[in-house]
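The structures come next, written out as structure tokens.
Each of the next two complexes has subunit A plus one more chain, namely subunit B in the first and subunit C in the second.
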Partner chain A sequence: MIRSYSSTSGRFDWMGLAFAILLVIVIAVPLLVVFTWAFTEVWRYPSVIPQKFGLRFWDQTLSRADVWEALFISLRLSATVTALSALICLPAAYAFARMKFPGRDLFFLSFLASHAFPKFGLLVAIAAIFLQLNLIATFWGVVLIQLVGTLMLMIWIPVAAFQAVDRRMEEAARDVGAGPLRVFWSITLPQAGPTIFAAVLLTFVSTFYETEGAWLIGAPQIRTMPVLMINFINNQVVVQYGAVLSVILWVPSFIALIFARRVIGTGSFAKGFGA
Partner chain B sequence: MARLKIESLRKSFAATTAVDDFSLDVGDGELVCLLGPSGSGKSTILRMIGGFEQPTSGMIRIDGQDVTRLSPERRPTGMVFQSHALWSHMNVFNNIAFGLKLRSLSRGEIQRKVDQALELVGLAGYGHRQTFQLSGGQQQRVALARSLVLEPKILLLDEPFASLDQHLRERLREEVRDIQQRLGITTLFVTHGQDEALAMADRIVVLRNGQCEQVDAPDVLYRNPQTEFVAGFIGQMNFLSANVEGGRFRHPDFTLDVEVQDGPAVLALRPEALRLEPSDSPDAAGVTRATDFGSHIMVDVELRDGARLKVMTAPDARWQKGQTVRLAASAFALYRQNRLLARGGLPVETVEGRSRHALA
Partner chain C sequence: MADTATLSAAGGSEPAIGRGLKGLLLVAIPVFLVGWLIIYPIFAAILSTLFVAGPDGVQFSTASYQFFFSDPYSRANLALTLWTTSICAVLLLLVGLPIALYLRFSTSRFADLVQSLAIFPMFVPSIILSYALIRTIGPNGTVDILLNAVGLPKLPTPYLTPWGPVIGLVWDNLPLTVLMLTAGLAGISSPSIEAARDVGAGPIRVFWYIILPRMGNSILVTISFTVLGIFSSFTLPYVLGPASPEMMGPFMLRTFNDLYDPLNAKTQAVISFVFCLFFGLFYVWSIARNQRSQSR
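So, the complex of A and B:
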């Protein structure tokens, strides 16, 4: 129950309560329904709560080979994409944050350009190119398409993180005898670390859930968890398969977010976007 | 332990010249202050000595060795930054030990040196603290220890007390001066606070627009400023503008016989060199305000032409607002185009009716 009192007047904050209830309806109720379905065996129309709870569909879902295959493909994809993205973007982010070079702003914008167009249109265009390159329905094809989507997050947040590192700290390290590389390793990276970690985590999670690209490029051979979930929801009469997968899919992001909150101060995300 | 020699140092950024033909010799164990308003180039000079900026031209030598093109990590200088710039992901010990570790000293040696440095700045036993657990003054001490532990030949202090409050600033500057004297370390200190400079420095360099206005010991600088800018920048100073005609400085309230060429000039009078006497004359100067500072009273006086002067009087003197007064000066300096024309200790005073130069 959320009860909030305005600290200044001491009067009950009806507005706050109204917003809280609205948020609960919009966010929590659908989650609750999916959650309930996942643990339901029988739930027929007039009844408000299911007639029979049980784990039968968990059993059935988890015993399917395609579910496990999709899970491992998703994990492998997310890990590969995140690693590649970090490899490309972090040095670039450092360059954008610290160095002056001709065309800097243009390059910076080019990393963000993939988000300036309607996503699906862009995907279809890329798919046409991939078709010629024989990348359709391959693991690396999906890696490439998902990589494009991660660039913005992986550039934007680390650039802000590197910019937020006090130049004087780096200079102080040079002053006591550290070379440029040592300064980067011992001062800049640890200072920017938590925020960059947040970017890596966000990238991993968003890649894990990315659906359109994975479906358009990967189908039918490469089926990730979200793609499989959509298949289940679209093609199966049994609601529970989709619900169980949804709940399973919800777990990694939940863990990631909890972890992120513990590791990073609340300011880091804001810093990332506020530049 | 070391001498610093700067020769015709120049630094230009795109369109502006931050430092223009600056030369300075700093002797062994000397503490020299670079003093100037913001934008005068004092920090740029310090950063060039530390290696963080490349001079456009000129030469920097430490003990005869040319360091002008050396990177900061290769210079025998230690810098303390205004923002202290402690590494917040390391504790106090590791902050101080970082430079020692880079020199691959043994663990015991590092421990001994860090303890010594902490002792020196009065923070013995603080090694395990996190930097954010320290107060502003303590953080600045750690920053000082971090530089001193490496025994630099030249210590560079870039407005190290600017972010501290008044009391702490005064205490810390005495301590730093103490440590500097004890170690006999050659030190360059940048500040825009004149009392800091007067309190700490063996010599003060007054800078304006990247150029050196005057280099002298604090007492000389205060008593014998060579330019109008220095006169106004160090301590309080009253300025009166008028023309010199026929060997006489002709201000409606102050006239003065001076042997200089005719032309415009500025008369500079220290508040403590002025004396007040009550006057009944209807067109005498009037007191507009008297501020009691405890040790002295500062009286604001408005002359008939609207010029305002500050006069320092003894704390037991009582001056009322609106009271008419007569002024007498015991010392003066005269400037034209920022250059000193003449100075002297002749009494100058305002006279009821017409002003005259009183010979006493």
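So, the complex of A and C:
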């Protein structure tokens, strides 16, 4: 991000401090509360600090069969969707970035369609099609509906990555006799790799947390972690179950946070959404 | 980052036709998926709600739409959705714009911290956020606990009122709003602002006459994107919002899954499309325009 080095230098940045404090309160406090609940055994109103900390509810939550079942379904779904998405989208992204073919610009823009409609309306329209195909409440029905949601991310970000590769290095390699595969493997992939890896990771994580499609298409047979979590919240079972589940559920996001920062910090991510 | 868009001409020594065919084959499956799972369902939903199988064959009928607009409950849901979406869009701009402006012009060490904090919600899934907000602003939540600790009365909780989803949706959409607005601000050159300052313009005049006219487009794109996301949001309104009236997202899910009524669910979906049509078109149009100007 470009900043001008003129205006605020010298004086203490009171505005920055105010923004930082406000954002910490609004953004960090709710998460801290959940974290505290996860390690709490007794916390009765109106005590500010829990009466008793402990790990008792971790044992209880982790001994529930439905939690493990949902976790495995979620992982299987996310892995399948991400693998399929990478398999079909990455070659397509390479073609969009490097080849000339009729209708290229139009096809490239067509992926915007997934973001140009209110999402849940689109999901309902797809679900109506799946109803006729008997894909409702099946694993592959959920895979398909989640796959659609990953297309834009898995094409637009890798296209940018392939385009950012230095073409002169590829040509130089070709000049000294490297074949196309060798050039791709030794020159193109190492340069585009980190961004593509981030796109794959973001796809996995966003699929893992996808709730609407999984519920609409999967219910009641396919119950993913987020859907199970909604059940926990609705049925008002023990408060700590939800808190423990939240902490466990947050792990993939935390990993994504560490790896994806470099992609999101640059403008390319916002550009991908059309800013 | 201009390179997202530069679909620069591809080089290569192979015959153009063979290369073109290869390119088409490589993009065939994703493009087919867009056609089969986005374009076709939308047209199918529109047609199948307008041409309904009656006693004497398939007939044109607007009955399901007439039902939607004559049913007070459906109308209340639509009204709630429109209300929530507009309040959220306004709040997001009011919160996001100052943060984006600060990030654009600040050079202090707080800037990185503010940016990280503002982007952080992107890494908090909405289901965890819903749960966190229940525990924080729900009945006997942390806010109540803290107010009680300093001897103040409890506030009425926004949980299960229309304000619950508003708080959650603003929280959830803040990162993209800030990122998109900051990207828009990055395009404004510093010299033009310096020049205005040199002739004595205060910060408000600089904002009004220099910055705002130049980022009008990115504000509109940001609003379009958030409106599309919020209009049919599901998780946050379902968990934090009132049961009746409900927003279109939960309403559609209930109609489809619990009432086994695909016709009316599709009608609700088409009505959502129509209400978001302008924002969707504007969003696609402005990205397509960016693409073209960048690919020269």
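Keep in mind that, in the parts below, the second predicted complex is superposed on the first by the 245 of 275 C-alpha atoms of A that agree within 3 Å, B and C clash if a C-alpha of one lies under 4 Å from a C-alpha of the other, contacts with A are read in each partner's own complex, and residues count from 1 in each chain.
In the analysis below, a residue touches a chain if its C-beta (ideal position, glycine included) is under 8 Å from a C-beta of that chain, and two chains touch if they have at least 3 such contacts.
Here the structure is a predicted model, which is why all the values come from computation and not from measurement.
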item: Overlay on subunit A: subunit C relative to subunit B, clash or fit; value: fit
item: Greater subunit A contact set [subunit C / subunit B]; value: C
item: Touching partner for A:187 - first (subunit B), second (subunit C), both, neither; value: first
item: First, second, both or neither for A:229, with subunit B first and subunit C second; value: second
item: Contacts of A:124 with subunit B and subunit C, given as first, second, both or neither; value: second
item: Which superposed partner A:242 touches (first subunit B, second subunit C, both, neither); value: second
item: First, second, both or neither for A:27, with subunit B first and subunit C second; value: second
item: Vertex subunit A angle, Cα centres of subunit C and subunit B, expressed to the nearest 10 degrees; value: 90
item: Partner chain in contact with A:175 - subunit B first, subunit C second, else both or neither; value: first
item: Which of subunit B and subunit C A:79 touches, first, second, both or neither; value: neither
item: Partner chain(s) touched by A:166 [first = subunit B, second = subunit C, both, neither]; value: first
item: Minimum C-alpha spacing, chains overlaid - subunit B and subunit C, in Å; value: 7
item: Overlap of the subunit B and subunit C footprints on subunit A, listed as residue numbers; value: none
item: Subunit A residues within the subunit B interface of the complex; value: 166, 168-169, 171-179, 182, 186-187, 190-191, 193
item: Subunit C to subunit A touching residues, read off their complex; value: 1, 3-12, 16, 19-24, 26-27, 29-31, 33-35, 37-42, 44-45, 48, 98-99, 102-111, 113-115, 117-136, 140-142, 144-146, 148-149, 171, 176, 179-184, 186, 190, 193-194, 218, 221-222, 225, 228-229, 231-235, 238-239, 248-249, 252-253, 256-257, 262, 265-266, 268-270, 272-273, 275-276, 280-281, 283-284, 286-288, 290-291, 295
item: Partner subunit C, residues of subunit A touching it in the complex; value: 1-9, 13, 15-17, 19-20, 23-24, 26-31, 33-34, 37, 45-48, 88-89, 91-92, 94-105, 107-122, 124-129, 131, 144-145, 147-148, 151, 155-156, 159-160, 163-164, 167, 209, 211-212, 215-216, 219, 226, 229-230, 233-234, 239, 242-243, 246, 249-250, 253-254, 256-257, 264-275
item: Complex contacts: residues of subunit B adjacent to subunit A; value: 50-52, 71-73, 77-79, 81-83, 85-89, 98-99, 102-103, 143, 146-147, 150
